[in-house]
Amino acid sequence: MTLLPITICLLIVPLAGFSGYLVRLLAMIFLWVGKAGCWNILSGMTGYIDFGAVGYYGIGSYATALLMSKAHAPFLVSVLVSGLVSALIALPIGLPTLRLRGAYFGIATLAFAEAMKQIILEFDKTAGVRFFEGPHGITLPIGPGNEFFYYFGFGVMVVVIAMTYWIRRSKFGYALRAVREAEQAAELAGVDTLSAKVKAYMISAFFLGLIGGIETYWLTYITPHMVFDVLITIQMVVMSLLGGMGTVFGPAVGASFLTVLYELFHRDFPYTYTILVGFIIVVVVLLMPKGIVGTLRKR
Amino acid sequence: MLLFLQSLINGILLGGIYASYSAGFSLIFGVMGVINIFHGEMVMLGAFLTYWLFTLFHIDPFLTLPLSFFLLFVFGYLVQRFVIHRVVEAPPMISYILTFGIHLIIAYSALWVWTADFRAVTTSYSGLNATIGGVIIPYARLATFGLALIVVAGLYFLLKKTETGRAIQAAAQDKEMARLMGVNITRTYALTFGIGAAVTGVAGSLISTYFIIFPQMGLSYTIMAFCVVVLGGMGYIPGTLWGGLILGVVQSLIATYLNAGLSGALTFILLFIVLIVRPAGIAGKGIVD
Amino acid sequence: MGLKRRVSFGAILLCCLIVSTHGIASGQQKFRIGYADPLTGTFGRDGNLVKDAYNFWAELINAKGGIEVKGKRYPVELTVIDDKSNAAENAKFTEKLITEDKVDLILGGFGSDSVFAGSAVAEKYRYPLISGAASSNKLFERGFKYYFSTLGKATEEVRGCVDIVQILSPKPRTGAIIGSDILFTSLAAEGFKKYAAQDGIEIVHFELFPITLQDYNSILIKVKQKNPDLLFVGSHLMVAMKTVQGMKEIDFSPKMVAFSYGPTVPDFIKNLGKDSEYVVAASEWAPNLPYQDPLFGTARQFNENYFKKYGRTPDYVEAASAAGAYAMQVALEKLGIAPPVKEEDRVRLMEELHRQNLMTFYGVVQFGADGANEAHPPVAVQVQKGKLVNVFPKKAAEAAPWYPMKPWKER
């Protein structure tokens, strides 16, 4: 498969003396593939459009930030805990929300993410403690160079893609697809759709939390506004959509394309990039609703 | 006591403002099931139209309202007719993604052309208010409250008492049946969207007289419209008044008696709870998928 | 198969990217200086002021041929990237400027959030970063060696707005403090509190609100009810504008309202018109203070030349930013560092900046061990007849403060 030479190339890039910028760019792409892939695991497969995915990313970010700055925990432990915390919170949130249909689910998840942001902003003031540091944000110790995040990002990306592949081929994945195609029929046939949805939701949350932790360490400074930004969810949505929702490599294609586009335009034509993304979305929805991978696959 | 009254009135007026720009959102969703993510952009466009007419030609904001209504109507009609209509048969998620793409195009084109500067329409009568029994009532906000009442009543009248309105309702309830009865669905949808856009644009025009405006303001208005409409009941027009009022009053009282930060957090927590517990909204008359 | 084609396309794209990102060597006869700055977004207006200030400096020095190092002159080339008022973007672009564009030197953008993030990156790569537009105390509490600020700390910057009570008559007794909850503004609010206590003003209300808050009236009516003599607001442009609008709407006229930042940005007066009269704001500089330097001339000349170029007088952030760029220039000249600047040169630059004690049109620039400039006598300005006028302290004052503020109903 062409995957093997590409994987080897990617693994060598940081060691081959390419510019630090390229390493950073690829690392960013890997992490976006990871994020979009997480969103895809839930929303792409089940059709339940989650507008609050950034909530788990933010929870994970804060978990790592707090552990590393206040408890001086090591990085690996922190990001794993971040993933776990996110997944744990996903359970009580997911159970009621995943019963909602369509638009309501979207709004509820959006409300969840916004509420999380507001809670972290107001908690210290309300409870009279110094914990989340509210709007002031948390600073982490300066960490290793981009190569570290490159390999970590690469690893996470591979895991998310592999997970998507495995889910798609499993009975679990079948249940998720049944939810997307004909939920009521599936339920009547005895499929426990709620359980499948919640599982997907929690898996997605785990990895989002993990990635949140990784990026926090990379950025070394986070505030609630930064890590609960609805624009992060939006990027995930668009990347999956463009690449092909529910497919294994869709998020990878979408994330790579959009990130490169962003890098090319963002600096000199900042608005052009976003307007272009808008047009891409409109065009994809009207002409290519299955996304790039989905459409190519059909031929 | 006076503080309570003042905060309450403030909340009521705020609620009216919320309702004024959310009614259109509810209408569009109620009739064609489209969650319009560029809804806030229509508020923004109405606001900027008024701003430019005022700044460049010194036309009083209140005089720009009819133009705002007309232009936004045309805009809404055309966008629905030629873009959104294509996905009206598809699952709802497609429409949110599509309208999201349109949101990006409009908001960032506006940003490009008008720059990110904050602007305000400051007329000679800006900020003027009346004092009744010690309570201050700003005129501009009162006017918007009035507009909300007019819009809600107007839409209600339109839907229940006119031929067009009945066609819209028929299309909303059962598209296929309506079609069989001779209703031109395509035109009806476009008309509905146009009306929704028009009333929203007018709300935006008024808003420019007391809130700061800037090209990226749309998204937060869209989110607020969601909240109002969920509380009031999706697709149930009179509900937008209730939803708006409840939100406005709750936010105002919390900000006055507790702190402003909590009002934000509580809005979303409230929204979340309502969605789980009573998705049809306070009055229970909303459309639940 | 479709998938293979997809992946190959990706590989080609990757190759193109690699090729295009290989550095293009350019003629190394100039200083290439980069900075990430909010040119759009919440702080877009404020960030553009910083850009204007740096451009002003660059044009002045380039008019002489450039920075003089060991008898030769090297022009300055500025590169700015818009971070869209997003701190994460600022960090990313600062890194891009350093690792990809390989600029010689870095400057700071506007605002504590952006600068906080950008300076962390600069510290990592050992690029001295001087900013003239960020003052949150936290910036200086990180133990950084490469971060410098020509502004003093936020809590000190607002001092002028409070100390002014010493010359107001009748002397006010109570005050209320509100502010948005972000870094600079919350610290400014703390600063107001600290100096209010020192000046004998009783604070009857203290509240921070989210920067995303839409309606200020619900807070303002609360404050109005407590009837403070003074209102202090931790703000940037947007918050300041919204506060004035809200105050008028609910007819709240304290005897004075002072903002930590906002009124000095031209849009404030332009958008609010007559409603902006009487408003007081913090500042760290005034054109009639007895400061001067060989490049900009006196404070007054800087003021006039800036007006000639941009059609408006500079606010103190612009002055501080220009002074910061100048401080870097002087250090380069003294050390004899020519472009292309190497890493060890930047380390020496950092050490020199710490030693520096420089008089500029902006006042003394002397960075402490934590990077903060020694505090300048804080100034207060007021909007009088559509213009900003220095009203405190007496030696910097161009006019007496208008006190008390004329109530809205009487205007």
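The first chain written gets the first letter, and so on, giving A, B and C; residue counts start at 1 in each chain.
Criterion: a contact is a pair of C-beta atoms (placed from the backbone, for glycine too) under 8 Å apart; a residue touches a chain by one contact, two chains touch by 3 or more.
Quick caveat, the model's predicted, so the values are computed rather than measured.
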Legend entry - Groups of chains joined by contact, in the absence of subunit A: one piece
Inset, instruction - Name the chain whose C-alpha centroid is farthest from the C-alpha centroid of subunit B. - result: C
Inset, instruction - Go ahead and note the Å separation of the Cα centroids belonging to subunit A and subunit B. - result: 31
Inset, instruction - Just give me the whole-number Å value for how far the CA centre of subunit B lies from that of subunit C. - result: 37
Inset, instruction - Spell out, as numbers or ranges, the residues of subunit B touching 2 or more other chains. - result: 111, 259, 261, 264
Legend entry - Junction residues of subunit C, two or more chains touched: 40, 181, 208, 210
Inset, instruction - Please list all residues of subunit A that touch 2 or more other chains. - result: 118, 121, 125
Inset, instruction - Would you pull the subunit B residues touching subunit A in the complex into a rising list? - result: 29, 35, 83, 86-87, 90-94, 96-98, 100-109, 111-112, 219, 223, 226-227, 230, 234, 259, 261-262, 264-265, 268-269, 271-272, 275-276, 279, 288-289
Inset, instruction - Enumerate the contact residues on subunit A facing subunit B in the complex. - result: 47, 49, 96-97, 99-104, 106-108, 110-112, 114-115, 118-119, 121-122, 125-126, 230, 234, 237, 241, 271-272, 274-275, 277-282, 285-286, 289
Legend entry - Parts of subunit C lying in touch with subunit B, wherever the complex brings them together: 39-41, 44-45, 181, 207-210, 212-215, 217-219, 221-222, 225, 237-238, 241-242, 245, 248-251, 267, 271-273, 275, 408
Legend entry - Residues of subunit C defined as touching subunit A within the complex: 2-8, 10-11, 13-14, 17-18, 21-23, 40, 81-82, 84, 86-88, 91, 93, 95-96, 99-100, 113, 116-117, 120, 123-124, 138, 142, 181-183, 186, 208, 210-211
Legend entry - Complex interface listing, subunit B residues touching subunit C: 2-3, 6-7, 10-11, 14, 111, 115-120, 122, 126-127, 129, 131, 136, 138, 140-141, 210-212, 216, 220, 224, 251-253, 255-257, 259-261, 263-264
